[in-house]
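Chain naming follows the written order as A, B, C, D, E and F, and within any one chain the residues start at number 1.
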Amino acid sequence: MFSICVRDHFMIAHSFSGEVFGPAQKLHGATYVVDVEFRRRELDPDGIVVDIGRAGDGVRAVLAALNFRNLDDEPAFRGKNTTTEFLALVIHERIATKIAAGELGAHASGLASLRVTLHESHVAWASYEGALGR
Amino acid sequence: MFSICVRDHFMIAHSFSGEVFGPAQKLHGATYVVDVEFRRRELDPDGIVVDIGRAGDGVRAVLAALNFRNLDDEPAFRGKNTTTEFLALVIHERIATKIAAGELGAHASGLASLRVTLHESHVAWASYEGALGR
Amino acid sequence: MFSICVRDHFMIAHSFSGEVFGPAQKLHGATYVVDVEFRRRELDPDGIVVDIGRAGDGVRAVLAALNFRNLDDEPAFRGKNTTTEFLALVIHERIATKIAAGELGAHASGLASLRVTLHESHVAWASYEGALGR
Amino acid sequence: MFSICVRDHFMIAHSFSGEVFGPAQKLHGATYVVDVEFRRRELDPDGIVVDIGRAGDGVRAVLAALNFRNLDDEPAFRGKNTTTEFLALVIHERIATKIAAGELGAHASGLASLRVTLHESHVAWASYEGALGR
Amino acid sequence: MFSICVRDHFMIAHSFSGEVFGPAQKLHGATYVVDVEFRRRELDPDGIVVDIGRAGDGVRAVLAALNFRNLDDEPAFRGKNTTTEFLALVIHERIATKIAAGELGAHASGLASLRVTLHESHVAWASYEGALGR
Amino acid sequence: MFSICVRDHFMIAHSFSGEVFGPAQKLHGATYVVDVEFRRRELDPDGIVVDIGRAGDGVRAVLAALNFRNLDDEPAFRGKNTTTEFLALVIHERIATKIAAGELGAHASGLASLRVTLHESHVAWASYEGALGR
């Protein structure tokens, strides 16, 4: 299995509901340093996993729609705790949608899976990994 | 698959038996920077993989039982080479025991697997990854 | 010159006033990974720069007073932009106060200076460095 | 599954053919920081995954054959784009050959798989992972 | 003293002249991960060291003029060894020129000094630090 | 001021005397990841700070004399606490001696100062910085 991975980041405010979150129930924030790993069984005709320029642009566009926001005010997350693991899934879905729409190039339809990792500090990260398309 | 990971560290002395270990047969030591990754197929009712506060406390407790020790003197490791990969397994088993005992919360019983990685320097690490019982 | 440095972090929400801040004028947030470097010309009678246990506790206490907050609501920062460089200065002052009060041990009065660095992402950090005592 | 990983690096010049590579079609270069992860289901009789000294020597030898080269001039890569993901595969094959030849020790025949990761900057990496021997 | 630092990178080919460079006399290449630290005695009227958006754009522009090049072919470096420390000086001068020209904003004239660090691998870096204008 | 820095590591056992060290009074150990920064006002006739090959060899030799030891048994450290900051000074002195003896090349006599940093974990480091003789 081949992979390529690109790193970018976004910065948001949010709060959580539920006793399990302790002091994080208050409005606070985070920088998420995001690694998006694209996986593919065989290289495409150009000898690559995916066009890394387009992949980086796609990741940047997905993160730009979250960056500099208070996630508590986002209609898309109404009634949801925007935990690090949940945000990893959201980003996975949004990049998968771009791939399906051909925005990462025609060969990107051959990608097997995607792993999205969000580093929230030097001592904690979360990720979601799942298959692409069919 | 969802993951969350917490990082902590411990510092020990030890020596190894066997020619394959070369100069490491002498008493020396190491700092191990430890990443414990908790994996789960679906998020729990709170929208998380595991309570990260309890997970961090559990990891800290397991490492505290090793920290500032000479592992050559530990009865638990009599006759064993406490290599990095062996210690990854030991920490995996001890955290798995805490999960089974409910110390990481009731929902932690839904965790699928655990990966424990020990960084011994900027150029070497070892890990053990295994499923969690039922 | 000798130094020791300890690393910790905190997570906050805030917004900025002024056109220069662009999209960061909206409520957003950040994880700050903080390095506090303590400097001293000669080692103290114990052969150290400062008691690293007390130093780490002092840093943790200073960061705990900021962690999981919306800095826009903090009376101490009324009318101020809580930029990364400004927060580095604030943390510098608060640790200096603890040192002057003897909370980092009697020998800590011999510290020469302090450098506080806040990493806000994998591509940006800010710091404040200044002398201690008189 | 147990793993150990060793890190090393090499520095090369090269250029790419194909519009998808944009400005990278010109002669340029890269530092690749390489992580080679050796995987094994059970520890060997010495309680290790592989002799880390021999593993590091094997990786160093494989990278030395690429280091300080213009890859456009290497007969082995004639007609190939030496992309990061392609080079990960090349290094995987060359280390696998050394393992098969017994150069990493007799017990290395019990290794299950190998993952080779090449970090080309602080924001991009590629890897190839595949099974070993039979 | 206050600092802010931004990180970016560029990828080049080059070779060196002189026996001291050993195998690096052959055409090879490097990724340089670049940290540019801007220093200032007092914060500017906006409470910042420099507009981090403009600073990042300035650094990107300076690195773009080097990126994806064979430095052996650059007229500006004729007869020079483009060592890591030399390139740190070149980048320092080019950013200083932009500051003097007002490209980093009017307040940037109050910057005291600049430190440019080029990481060429996980085990080596070089830097140049010098005062700015008058 | 120009700098180049090389990174290496060593692994030791030791214990400390004095209540201030708490649990570290017991025999334990550490991995020290060491950064040695060589500083020079002007580049030498080869356009470099120091021959990085010789510098790396010098650092490796100094660390090899400490690596895989129990520092409590070293005559050189009798009656001393081998704290991280103390070891930074020791390594500084030993490299300075090599420079004075010409082992890093004839031009190395033009080096201005040396900073030695020992990372003992992901959250703590210590350093010693001092001028080089004449």
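The definition used in the following text is that contacts are C-beta pairs under 8 Å (C-beta built on N, C-alpha and C of every residue); 3 or more make two chains touch, one makes a residue touch a chain.
Predicted model only: the values in this text are computed from it and were never measured.
Student: Hey, how far apart are chain B and chain C in touch steps, shortest way?
Tutor: Between chain B and chain C, the shortest chain-hopping route counts 2.
Student: If every chain is reduced to the average of its C-alpha atoms, which one ends up farthest from chain D?
Tutor: C
Student: Tell me the rotation angle, 0 to 180 degrees, that brings the C-alpha atoms of chain A onto chain E, to the nearest 5.
Tutor: So the angle, rounded to a multiple of 5, is 180 degrees.
Student: Over half of the interface residue numbers used by both chain B and chain D, so same, or under half, so different?
Tutor: Under half shared, hence different.
Student: Using Cα averages as centroids, what's the distance between chain D and chain E in whole Å?
Tutor: 31
Student: So how far apart, in whole Å, are chain A and chain D when each is placed at the average of its C-alpha atoms?
Tutor: 27
Student: Which residues does chain A have that touch at least 2 chains other than itself?
Tutor: In chain A, the residues touching two or more other chains are 7, 122-123.
Student: For a test of understanding, state which residues of chain A touch chain C in their complex under the given definition.
Tutor: Residues in contact with chain C: 7, 9, 11-14, 23-24, 26-33, 67-70, 120-123.
Student: Chain F touches which residues of chain C in the complex?
Tutor: Listed in rising order, the residues are 1-8, 43, 46-49, 51-53, 56, 105.
Student: Considering the complex alone, what residue numbers of chain F touch chain C?
Tutor: For chain F paired with chain C, touching residues are 18, 20-22, 80-81, 83-86, 88-89, 117, 122-130.
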